[in-house]
Each structure stands twice: as structure tokens, then as C-alpha cells.
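Next come two complexes, and both contain chain A; in the first it sits with chain B, in the second with chain C.
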Partner chain A sequence: MAAQIFVSGLLIGCVYALVAWGFTIVYNATGLINFAAGEFVMMGSVISAALSIKLGWPALIAAPVSICAVTAIAALMDWGCLQRAKRQTPLALGMLTIGIGIVLRGAMLFSFGKDFQFPPAFSDGEIPAILGVNIPTQGAWVFGTVFIAAILLWQLFARSWLGWSMRAAGESRRAAVLMGISPRNVSTTAFAMAGAMGALAGALIAPLASANYTSGLFFGLKGFSAAILGGIGSPLGAVAGGLILGVLENIAAGYMSSGWKDAIALGILILVLLIKPTGIFGGRSVKRV
Partner chain B sequence: MSELSKAYRHNLRGLAAASIILALIGASTSNSFYLTTIIFALIEAISAIGLTLLFGFAGLASLGQAAFVGLGAYTAALLVERCAFPPIAGMALAILVPTAVGWIIGRPLLRLSGLYLTMASLALGVVLSLVFSQAISLTGGLDPGFMLNHAFSLGHWTLDSTKDMYWVCSVCVVLTLYLAINLIHSRFGRGLRALQSSEAAAEGSGIATVRFKTAIFAIAAGMAGLSGALYAFFMRSFNATAFDFSLSIELLIIVMVGSLRSVWGALFGAAVVTILPAALENFSDYKLFIYGVVMVLIMMFLPDGLFHGAVQGVSRLLAGKDAK
Partner chain C sequence: MKSTLLALAAIATLGAAPALAQQPVKVAAVYALTGPIAPYGVPQQKAIQLRAEQINARGGWKGRKVEVIYYDTEGNSNKAVQLVRKAIETDKVDLIVGPSSTGESLAAAPIANADKVPMITHSGAQSVVDPATPYVFQTAQYDRVGVPAVLKEFQKKGFKKIALLTSTDGFGQSGLALFKEMTPKYGMTLVNEQFNRQDTDMTAQVLRAKQANADVMMIWSTFPAPAIILRNARAMAYPKPIYNSFAMASQEFLKQSGSTSENTFVMTAAMLMPTALPDDHPNKQVIMKDYEAYKARYHEPPNPSAQHALDAMAIADAAVAKIHGEINRQSLRDAIEKTDMYGDNGYFKFSPTVHGVSDRDVPIVFLKVVHNAFAPQ
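What follows is the complex of A and B.
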């Protein structure tokens, strides 16, 4: 029982971790909080579900197509909307992402309808229980894909020119410009990556949790909480925060009551903020004058 | 006359004009659908005025205002229904309880920088809205919700029709605006604006930043509580979904769309946010999309909100006439 709860917690935690990482990438590259991050997850799940149910595409084609579509939408959102806003302060842009979130929700509503969609799992078959723990087939896909994605992203950030320029632009916009980095391109790339990761999370979780145009708020909230829990700005913290949040929630739901599970998870978040505001893995916050 | 006292006079004149407009609307509108829409706008405007002070003037973005609205609504409803308080006393406590809670919670949280306050208020909002929906013995939760059998009354004077509630809400809006205008034009209000532009500089000039921030957080919570109490007395039957996260977002959008720099924006914003969806009813599935696009366009191109856009437009027109 305990092991089963833990593993199911890790499963949903993987999804939260992807969303939180997307948050972190955008925050590090541009310094703004992207409140539309949950909508990326929602679009990933709704588009892939519609492709596989309405058009009958196999899930392994529908998922990548939906990821590409959401990546393009996310990049367009930054390039066409955020960068063209009259006031370029993090607060104003953050609020703008809330508005864009509504637009995206509305777009999904009239393109794919109000109904909850239940797409099939990526593959059939059953995984035998290991040590009394049952993992749904889709769960294995989630673990495997998130693990590979995490390694790839980690390499991209630590080793590639793209990762360096993103961190540089986040550190100091002006210094980055002097080094020949375009902060605008970096910001669009960051949004595209956040879109891809959100959509990946959405496509993976849709067969387990169903897809609907209203689910974005829920995922955004969870991803945001996970990012804060781990310490905003730290990719490792985002992943850890996501996993911890998922496990805590499942423990709360399993041993107490499912109605209260979010309250317990977020109550812990408030405690963390009060005790160590920079999150579990966050560095010291520097006060700039 | 100094610039500051001139601005104060302008605001008071605006308040007089707003009272007259509200009175004219009340005297001329009898269609109960229109009245209901306007009442919702007024109720939201009261929370939004508090949020304008908090977000626009002190630069603290709160994503948990709905929690205080709910707290006010349930405080008023429970006191009147279960403890047989007179409605006006219930309403007074519906202001005091959120103010006190805001103060107690704000005190430790506001030591953190702005971003962390946003996160903490978000978490607080979600936790409280869950409490509202789960503590069924007190709140009725999501189903069946809360039934308030007593109408709003002042002494023996029962105010239960839609028209009566319109007058009650209008009076509350005018009083809230009057309080907000006086706050802005006090030492306290100037201190808030100073700490928004630079907290370190404000602290350097002798402003107790944490105390100021806690005070404005508590005041905004109290205004949210008042709007919650009005909501409870107007609806009489409501459930916890009314105070969930989407209300917090809606309030922030009202402030963004209305104005970040003037309490008058809250009225404009609340009018747009409540009337626009009603006007878009015919577009069915496209409603949400069009609503979002309008909000995004306003935020992109009128960063100071509709109110300032309108003021600038009018002053440009006047300046154009002068040039001729």
C-alpha cells in the first residue's frame, strides 16, 4: 500500500516536474512568471487527444505532433505578444500571460469542444506487479519519457551554447547583448522549450487523467507550486519540487482525505515559504538596491 | 494650491460625479437583469479597489483575494444565520475578520520580497477555498452550499429586493472609494508609492516598509471582506465555487484592465469584466476566446489601463482643440 502510494505520487510528480521546469526555464531566461504554463499542458493533452480520438492517429504520432504545435504556439505567444507589449516590466508581462492563458483556453474550447476526452494509452499490454506495486502501462511511458527528457535537457543546459546563452541572458541582459546574445531570441527559445515540455507532460498524462480545456489552471497551479517548493530558478529544485509535491499529495489523499490533499500540499508550501523563502534547493536571495 | 491638494479635490469631485451617476442609474433602471449585472460589477469593484491599492500603489500582486472575499461572505452569513446577529453587525465583522486575518498572515509573509508574496497569497487562496468547500458543516461546501434566510436589514427596515441591494452596494462603493481616496492622499499613501518605486530608498527616508505593506494588505483584505458580505446578502444562496482561484484572477484582471494608478480604474475594470461576458452571450463557444483577446489587447497597448487611456484620449482631444 505504502509503496503503491509512493509510486503513484512519483508518477504525477513527474508531470508536475516537467511543468515546473518549464516555469524555471522561462523565469531564468526572462525573469518573468509565465502564468500560461498550465495552458501548455492543457493544449498538449487536448490536441493529442483530439488527434488520436477524432482522426484515429496512433498516440506515438499524435503526441509529437501536438508537442510541435504547442511549441510553435508558445514561441508565437512570446514573439507576437509579450515582446510587442508596450510596458516591458516583469509584473506587467506576468499579468499579460494570464490574459494569454484565457485566449488559449478559449481557442481550445472552440476548436475541440467542451467535452472531456479519454485518449487511449500509448501502448497496450500490462506490466507485471513488482514488489506488489502495480504500474499502469502509461505510467511506464511517463517515467521513461520524463527520465530521457530530463537527461537531454540537463545536457542542453550544462553543455550547449544555447544553455549558456540562456543563463547569461537571465544573469544580465546587457552583458549578454555585449557578448553577442540576443535576449529576444533567447526569450522566444525559452518559451518554445517551456511549451514543448508542458505539451509533453500533457500528452503523457492525458490517457490517465483525461483531457479538457479547463485543466490548465490546475496544472499551472501545481507546476508553479512545485517550482516554488524547490526554489524558483533552480532546474534541479523544480524536478525535486515536482516529485515531492506529487508524493505528498498522494500520501495526503491515501491516508487522510482526497478532498484535503491540495490543502495539505499547499499548506506545506506556505510553511516552506515562511521558513526558507528561497525554496528547498534555492540559493540565497540577493537584495539589489 | 499645491499639486497634491489639487489632485485630492479632483478625486472628490470625481466621487461626487460617480455618486450622481450611480443614483441616476438606480433611479432609471428597473430591468432586474441589468440591475443584477450592475450589482455584480459593484461588488467586484469593491474588492478591486482594495487590490488597486495593494497592487497598483504598493506593487504587491496578490493572487489570493478570493480567499478574503469568501472569508467575508461566510463570516457575515454564519453570524446572521447561526448566531442571530443583526445583518449590519455581520457585515461589520465581515470587514474586521478578513482585515485581522490579512494582518496576521501578512505580517510574516510581507517580510519576503514581492514575488514570494504572490506565491504565498496564491497558496493561501487555494488552501482557504478548499477549506470553504470541505468544511461542509460550517459552509455547506459545494453542495448544497449555504442558504441565508435573512435579508439585509437596517434596524426594522428590510432591504431584500434587487433594487434595495443596488442602493446598499452603491453606498458601499462610494464609501470604499472615499476611504481609498483619503488613504492615497495621506502620508500613508505617499509612503506606499515610495516603497513601490524603491523599497530601499523608502526605508532610507524613514518609512516602516513592512508595517506599511502589512497595513495595506490588511486593508485590501477588509475591502474584499466587505464585497464578500454584500455578495452573501445579495445571492442569499451560494456555494464555495464562488470564491475559488478564478475569482482572484478575475480581480487582478479588473485592476490591470481598469487602471494600476488610480482607484477609479476599478470601476471601469469591473464594468468591463462583468458586462463583456454578458454582452458576448450570443457567441457561445467563441465567448471565452473573444473575451481573452480583448483583455490581452488592452493589457498590451494600454498598460496603464482603460481609465488612463480614456483620460489621455480626452486630454489629447482637448489639447487638439486648444491648438486650433
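What follows is the complex of A and C.
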């Protein structure tokens, strides 16, 4: 039972990790908390579900298409709205992201309806239990895809010019401009990447957990908690925070009380922050204050 | 509307008493005809239409035609309140049927009481008529009559230990409280696991149910959690029978759960499949008749939510037969309170303290999912 609970926790933790990483990318590049991050997950799941259920597209085509669509929406949100705001303060922009999140939720409601949709899994078949641990087929897709995405993103940030300029813009906007980096482009790219990662998470989890226009708040909250737990600003922290939160929730549900699961997991989050306010892997963010 | 006004004008100018007798009895049907809960409201509107046609075809109520005015609440409680006010004050209705949801009913009930207009709601929660208020009645089967039906079924099958999975929302918590209260009376034990309605994975809860070695799993939740639980249960090859509450008695559930609901059970009002009810059940004939009439009129089987509206009009119809004088708001209310009849939802025996369906012989059946369709066991 312990192994099963651990693996199930890791599975949902992978999704939290992707959302948390999206928070981190935007935060590092712009200093903003993007409260619409959960809506990216929601849109990824709702659009891919609509494509595969209503239009009958295979999941392996519907998912990339929905990811592209959400990436475009996220980039547009930054380029068309946030960058054009009169007051470029973190508070005003943060409020804008909340507003945009509400608009996106409404748009999905009107475009795709209010039903809970369960799109088909990416592939058929069942995986036999390994050491008494069952993993649904879709779960294997989640683990595999998130693993590959994590490696790719890591390479992108550590080794590529894009990653350097994003980190530079986050470190000091002014210095980045002097070095020939456009903070606007960096910001739009960061939003696009957060959109892509959120949509990936949404498309992956929809066959297991359903797609619905209201699910954004839930994923946004969990992803944000994971990012804070890991230490906001640290990609490694985001991934670790997501996985830890997922496992903690499942341990709470499996060994303590299932009704108090969220309270226990978030209570531990508060405890961690009291002991180490920068989060498990954080540290740098203190400098910003 | 226009014709009603014209009729009123004609009466006003003539000022003749006999003309009043020909004035229709006005019934307000306050339903969500659009919006998120329209799947409940639309079949209810059709059911009211069917009943009004039946009554008018045999000459109406004491020679007066039944005129139904429909109001669309969009599932919004504020709107329901406004429309009930409009029905009472502007359209001067004699009876209100609906609203369909608990939220709308709770909001609208005080107005019916304040303005002294009888209202027959279809809320699935007992709180609307418990304690009973003078002018508000209810037709839907609520969980207090549903839970004993489940326990009787489990007793019949010889289950001793129930693993109850409930959501942490109102529906789940209300069900949990009833199971906790009633399970000991049937000599059974209960283990409870909970989850939030939006949770994405209930593997831990299903594992605990499996470890508790219960004889049966009962899922008491609204969408979409049951479909997720069935997926989790399938993934770990949960060995015992799984039952779902009447909240899942819909095609939507079959669509969401896909192959994972195969061989599980769903409790439902008999209207979904009247043939599953034993022939000697006291409600069988009424339900079969209404089912066939609805099907003949609309060329589609009635959704179980239609039965709440069918019962509301049947109760009003039976009440009218008891009225000796004029049909008005007060005489209707007094007669409705004396209701004693078998309806589609069960046995109605109203009294000043009971304004809802009784738990005697509730026509609830347990269907098995076979090839992604409901089938009798």
C-alpha cells in the first residue's frame, strides 16, 4: 500500500510540478506572480478534450494542438494586455492576471460548455502491476512526458541563449537591456512557455481527472503552493515542491484522514515556510525584497 | 400573456360574476429552462405541459382551464426569487410548481410563505420542508428516503460492512450523516473515506476501502468524482461490488465513466427503468402509466427529474377534487396538505408537519451497468 500511495502521489505531483515551474519561469523573467497559471492547465485539458471527444481527433494530435493554442493565448495575454497596462507595478499586473483568468474561464465555458469531459487515454492497454503497484496507462504517459519535458527545459535554461537572457532579465531588467536583451520579448516568451507547460499538464491529466472550465483554480492553487514550498524562483524547487506536495497529500489521505487531506498538506506547507521562509530550495528571492 | 390581459379587461368591463368562473386557474412553472441545470428543468417543463394537457382534455379543474405560465430561472437563485415575485404579484398565479434545485427552492420558499401562495418544489434536499412551512411542499426523493433504500438493498444482498466514499460538499456530507445515523439500525458497520469534489485522484481512498475489507463500496457524490473513483478502482482491481448514488443515474455518468463502470451498480428512481420495479410494488402502475404517457407525447423516455413535476401536478389535481368551494390559493394549499396518494416518487401522505414524500415503499431500483448501459439486475 505504501508504494502505491507514493507512486500515485508522484503522478499528481508531476502535474503540480509543471504548473509550479510555469509560475517560476514567469516569476524569474518578470518578477510577476501569474494568477492565471491554473487557467492554462484548464484550457489545455478542456481544448484537448473537446478536440478528441467532439471532433474525434486522436489524443496524440489533440494534445499538441491544444498546447499550441494555449501557448498562443498565453503569449497574447502578455503582449496584448499586460505589457500595455498603464501601471507597470507587480500589484497592478498581478490583479490583471486574475482578471484575465476569469475572462479565460468564461471563454472556455461559452466555447466548450460546462460538462465534465473525460477524453480517452493517450493509448489503450493496461500495464501489469509491478511489485503490487498499479499505474494506469495514462499515468505512464504523465511520468514519461514530464520527465522528457523537464530535461528539455533544463537544457534550455542552463545552456541556451534564451535561458540566459530570461535569467538575466529577471536578475536586473536594466542591465539586461544594456546587454541588448529585450525584456518585452523575454516576458512574452516566459508567458508562452508557462502556457505550454500548463497546457501540457492539463492535456496529460484530463483523461484521469476530467476536463472542466472550473478546474483552473484548483490547479493554480496547488501549483502555487508547490512553487512556494520549493522556493519560488528555483526551477528545481518547483519540481521538488510539486512532487513533495503530491506525495504529502496522498500520505495524508492514505494514512491519516482523507477528509483532512488538503488541510494536512497545506498545514505542512505553512510549517515549512515558518521554519525556512524561502522554501526548500529558495534563497535568491530574499534579495528582491 | 396578452390573451390573459384581454380576458381580464373583458371581465372588468362586463363585471359579470359568471365570467369569473370561466377564468383559468393559473399555474406558474418556475424552472431552469436554460443554463447549467437545464437538463433538469426542461423535462420538468415537458412533464407539466403533459399534465396540463391531460387535465384540460377532460375539462379542466371544476370547469376552469389550467393555464401554465413558464418562467426561466437559468438555475439562478436570485432570478428564481424575482420570477416567483412576478408570478405572484403581476401574473396572480394560484399555484407555483418548482423551482428544481435546492438553492433556488431555499431562496424562493420564504416568498411563497409570505405571500400565502402554495408552492410545490422539486428540491433534492430535505431542508426545504424540514421543518414544514405552511405553503411549501416538495415532491423529489431526498436522501433521507434514499439512504434506507440503499441499506435495505445491502441487507438483501447480505453485506455487513460498507465502505462509504463521500465528497466534502453538501450532498456528500448530508449523505454521510444519514448513513452514520441509519447503518447501525440495519446491523451493519461503516467505514468512511472522503474527498473534495474537485480532487483528481482517489487512489488512497480506494486503497483504504480495500484494506478495510468492506463487503461493498458505496459512492455518494456528485459529478465528476465518481468517474475518477471508478478509474482508480479499476486500476487497482478493486474486488468488491461498487454502488453509486442516485446522483449518477444519468447517461452523463455512463459517458464519463466509460468502460470503468462495467458491472457496477447505480441506484435510481424507478422512472429511469420502470420495468425494473417488481410488479407488486404499490407505485408500479402509476409510474408505468406516466412513463408511457410521457413517451407517447414526446417520443422519448422521461428523465427521472420529470417525475417531480408529474407528481406536483398530480398532487394539485388530487387536491382540486377535495375542494368544495372556489379554487384559490388558500383552498388549494389546504387541500394539498391533505394529500394521500401514490406518485412517481413514492407515497405522499402530507400533514401539517410532513410536506415531503414518505420513506414507505420508495420506488428506487438498483440497476447494473452492462455494456455501458443500465440494465436490471
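Some observations on this one:
The criterion applied here is as follows: the second predicted complex is superposed on the first by the 283 of 289 C-alpha atoms of A that agree within 3 Å, B and C clash if a C-alpha of one lies under 4 Å from a C-alpha of the other, contacts with A are read in each partner's own complex, and residues count from 1 in each chain.
The definition used in the following text is that contacts are C-beta pairs under 8 Å (C-beta built on N, C-alpha and C of every residue); 3 or more make two chains touch, one makes a residue touch a chain.
The structure presented is a predicted model; accordingly, all values stated were derived computationally and were not measured.
In the superposition on chain A, A:I100 makes contact with chain B only, not with chain C.
By the touch criterion stated above, A:N212 is placed in contact with chain C alone, chain B being left untouched. In the superposed pair of complexes, A:D262 makes contact with chain B and with chain C alike.
In the overlay built on the shared chain, the residue A:Q83 is in contact with neither chain B nor chain C. In the superposition on chain A, the chain among chain B and chain C reaching more residues of chain A is B.
By the touch criterion stated above, A:P277 is placed in contact with chain B alone, chain C being left untouched. Comparing which residues of chain A touch chain B with which touch chain C, the overlap comprises 114, 257, 259, 262. The touching residues of chain C, when paired with chain A in their complex, are 36, 168, 193-196, 198, 200-205, 207-208, 211, 223-224, 227-228, 231, 235-237, 252, 255-258.
Chain B contributes residues 59, 61, 108-109, 112-113, 115-116, 118-120, 122-124, 126-127, 130-131, 133-134, 198, 200, 245-246, 249, 252-253, 256, 285-293, 295-296, 299-303 to its touches with chain A in the complex.
Considering their complex, residues 33, 81, 84-87, 91-92, 94-96, 98-107, 109-110, 113-114, 217, 221, 224-225, 228, 232, 257, 259-260, 262-263, 266-267, 269-270, 273-274, 277, 285, 287, 289 of chain A touch chain B. In the complex of the two chains, the chain A residues touching chain C come out as 1, 4-5, 8, 11-12, 15, 114-118, 134-136, 205, 208-210, 212, 214-215, 218, 250, 253-254, 257-259, 261-262.
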